[in-house]
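In the two assemblies presented below, chain A is common to both, partnered first by chain B and then by chain C.
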Partner chain A sequence: MTWLSNDLVERLRDVASRPELASDRYVILRPIGRGGMGSVYAARDEQLGREVAIKVSNAAAAADDLDQRLRQEARVLARLEHPGIVPVHDAGLLDDGRWFYVMKLVRGETLADHAASLEHEAARLVVFERVAETVAFAHAAGIVHRDLKPSNVMVGQFGEVLVLDWGVARVLARANRESGAGARGHDRHPDDPIDGTSGGTRMGTAGFMAPEQAHGDSSNAGPPADVYALGALLFWMWTGSAAPADLSDVSRSLGAVSPAPSKRLSAIIRKCLSHAPADRYASAAELMEDLARYRQGSSVSAHRETTIERAGRWLVRYQTFVWLVLAYLVMRVAFAFLR
Partner chain B sequence: MKKPVLGLLLGAVLGAFDGLTALATPEVASQIVGIVIGSTLKGLIVGALVGWYAYRVQSLSKGLLVGLVVAAFFAFLVAAMPQPDGRHYWIEIMLPGSIVGLIVGYATQKFGQGRGIVAR
Partner chain C sequence: MTSAAPAAGGLRYPCRVIPFPATRRSVIERIRGADTEVRRTAFGDLAAGYWRPSYHYLRLHWRLTPEAAEDVVQAFFTVAFEKGYVERYDPSKAKFRTFLRTCLDRFVQNTQKAERAEKRGGGVDRLSLDFPGAEQALAELAASDLRDLDRFFRNEMIRALFERAVDDLRRTCEESGKTALFRVFERHDLAPSPDVSYATLARDLDLTVSQVTNYLHGARRRFRELALGHLQSLCGTDEEFRLEARELFGMEVDP
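Moving on, here comes the complex of A and B:
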């Protein structure tokens, strides 16, 4: 009897698990990644002559919960047309009845890998604001991501930032009604994206998941849950670790890193990470407004400044002006004394 | 407030202040009224020109440069006029005058209403 090498076994396993596509339009090239819900493969679209990514459900059978989630993800992605969201090109059923969908193949690295190259605050905030902008767009469309984390953010070769993995996204009832899916109240068309969670279900990733999600209330997680995750993402970008549950630990950790974020930025992060959803920003858009004020050197809603802090901020913001006035006054005094 | 108006007002105020500093020079203190009026007029003209430029072009570096050049030019014209004692106060007039131009150039780029957008 001849034993098969580990490499060979691995290759056989890989080939065996590759999806059997009914049409010959897509040719599977290689696996890219595998998550709890589905596996992603790089494939070649023979019709258009380009490489694409195909996500296939890991479910053993159609109508499985995972299969439903993959369908939901494809529908959510199709609904959200935004530069920060991977566009869906096609969707369908495999021979074994499982769902798959075809999307743009994104070349780049996840934020988890890319973060080390973001040394300066400005570079970090540029990436972060693109994530927040995408999430704000989703909120405006009535969709909550519910699983934002560094590995779900992709930074492309040309600096494009994409938010991935919308598999546990929640479609708010309002969005269903506005899109005409529900005729009355919370009614929903059978084919419309579903919430995907019931009361008591835990969805998300520890350290990035809002307390209400962690307590199993995922079905009620609204935009503030994403705001929490965005705050956790900001916290992670500075500290390299997931957000602690205690707000005082958040302050301590932020104060301990070098260079530490400014007081105003720390306050923004703390506001995002508040335990009560009502204490956070109401949506990603509101968070972005405060971040924009921070970047302009204005006061932010998350931090009440003392007069000295306000004066200091003004001096820093208009330092060129202050230096010019000082130079003028020094010159005038010098002329008066040198006479 | 539109940028040219801001430039005009700021130029006038800074020009008047700049003129008043002549009080520290006993040799010209007797001509202070004329100096303040002349300096204010100079500030008005420089402020209006720099403010008009800021209204047309949104660029801090270019605004500063224009403020410096315009103010230095007008300060040069003033400094070129000899004082009753025959002396020229080149440095005393041109250096602070140029800095005033820089201040006006900066302020008009940073503040005031431009063409359709509000600069903050």
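Moving on, here comes the complex of A and C:
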């Protein structure tokens, strides 16, 4: 009987797990990661002489639900040309009939690993806004991600931010795209990928998925579901933990971290995490607008300010002008005394 | 050692080279069945897959001598078959291999108490098992981490599984006149150094690079099918097989 060393057992396991590509164009180099839907491998494109990433479905067979979702993901990605979305180069069938697609090999780390290096609010917001901008772009194209979380955000070597894993994304019917509603419509474009989910299907990740998704209503999850996940992402960036279901717990947790986010930023997070979709921002673009106002020092829609808060914010925002006026007044008083 | 013919259950890959054998029931279902021959074959599959992990486990964890470990292994599988140990398996409580290891632990304890190992081992039909080969392999296992016994047992099960799959691949290739296919696999995937290029292999074996690529794909696929076939015969339920296959090869199977 053959004796296999530990190294040989591992090697056999590795080579036997690799997908079998029908063409010689791509040579699988090593596994990179494995998710619920598919496995990703680093590969070499022999034709163009570059490294790429190949995603293969974990399906038991061609035409399996997972296989169809991978196909949908490839089509969604191909439709979304944006710096925050990994470009798809190629797609095809494995020897066994399952789908694979080829994409740019992204070198970097996930936000889950990168977050510790983001110490200041400004650095966190830069990364977050790039995520939100990408999601806003997808919403404008009628696509809802439905599984935003730290491990699905990649921060590249040069600071580029990419939103990954569009495998459970939902394509909205046109009427809903225009209204921003999450309800199902009937006029899907003939080229639209299939939704792939039906009522009662739960998709997403606990702590980051909207209540409507958690209750198994994934097929009706519209842009507000992504807004919830974006709020959960912001919450996580400050607290390091998934968002609690109760809004009062959200406030308590945000108040307990040091340094705590400002009242206005906390309000933005809370608005994103509202239980009812109608109470959240209607889309990522609307959230972006409020965040932009926050960064400019303007009032945000999520927070009703008291007069004192407004005055304080006004003083902070126009502090240069205030200091100049004060300096002028002090000088006038000084001159008056000197005369 | 004679191993039962591999039969993987119902993988739905439309495999173009080698068709997959028909679906078969889980090993527990077969052992619980009324047909004595089916029970005996199922037990043969179990013994073929688990005797060596059991032997190494007894040698390293229980620190039995080679002779004592051999006797216990022989007696355990015989008595387990006769007394229906395996039929008591409850999938809701543990994985099948954990259950089997627990049975083995109890068996050793009882045997040691009664000091009857030799007697039991001597009184039954002995299985044809390569104990000297298993003893030689112990040198590499001496450094194994025995703190996690379940992990150790599982790793040994996988090693034995792959060894049987490699042996079966060699045998079937020889029987079907496809020795070149196995030679490519042996030189590329079983060589101590993994860095041999396709071009070097093609030159050495008098093949084209394209042939090397195809043979290697074919051999790996066949190896995986054989390993999955054996794996199914070692799992207590279809669900356990599905989970083990996912963990082992990162793929979903449909038993």
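Quick note on the criterion: the second predicted complex is superposed on the first by the 312 of 339 C-alpha atoms of A that agree within 3 Å, B and C clash if a C-alpha of one lies under 4 Å from a C-alpha of the other, contacts with A are read in each partner's own complex, and residues count from 1 in each chain.
In this text, contacts are C-beta pairs under 8 Å (C-beta built on N, C-alpha and C of every residue); 3 or more make two chains touch, one makes a residue touch a chain.
Just so you know, these numbers come straight off a predicted model, no measurement behind them.
J.: In the superposed arrangement, does A:335 touch chain B (first), chain C (second), both or neither?
T.: Touch partner of A:335: chain B, not chain C.
J.: State whether A:9 touches chain B only (first), chain C only (second), both chains, or neither.
T.: second
J.: Which partner, chain B or chain C, touches the larger number of chain A residues?
T.: The partner making contact with more of chain A's residues is C.
J.: Once chain A of both complexes is superposed, is A:320 in touch with chain B (first), chain C (second), both, or neither?
T.: So A:320 only meets chain B here.
J.: Is A:47 in contact with chain B, with chain C, with both, or with neither (first, second, both, neither)?
T.: Touch partners of A:47: none, neither chain B nor chain C.
J.: Quick one: classify A:97 as touching chain B (first), chain C (second), both or neither.
T.: In the superposition, A:97 touches chain C alone.
J.: Would you mind writing out the residues of chain C in touch with chain A in their complex?
T.: 1, 11-16, 130, 133, 136-137, 140, 155, 158-159, 162-164, 166-167, 170, 189-190, 194, 210, 213, 217, 220-221, 223-224, 227, 246, 248-254
J.: Okay, in this complex, where on chain B does chain A touch?
T.: Result: residues 21, 24-25, 92, 95-96, 99-100, 102-103, 106-107, 110, 120 of chain B touch chain A.
J.: Which part of chain A faces chain C closely enough to touch in the complex?
T.: Per the stated touch rule, the residues are 1-6, 8-9, 11-13, 15-18, 20, 24, 31, 34, 39, 58-62, 64, 66, 95-97.
J.: Of all residues in chain A, which touch chain B in the complex?
T.: Interface residues on the chain A side: 296, 318, 320-321, 324-325, 327-328, 331-332, 335-336, 339.
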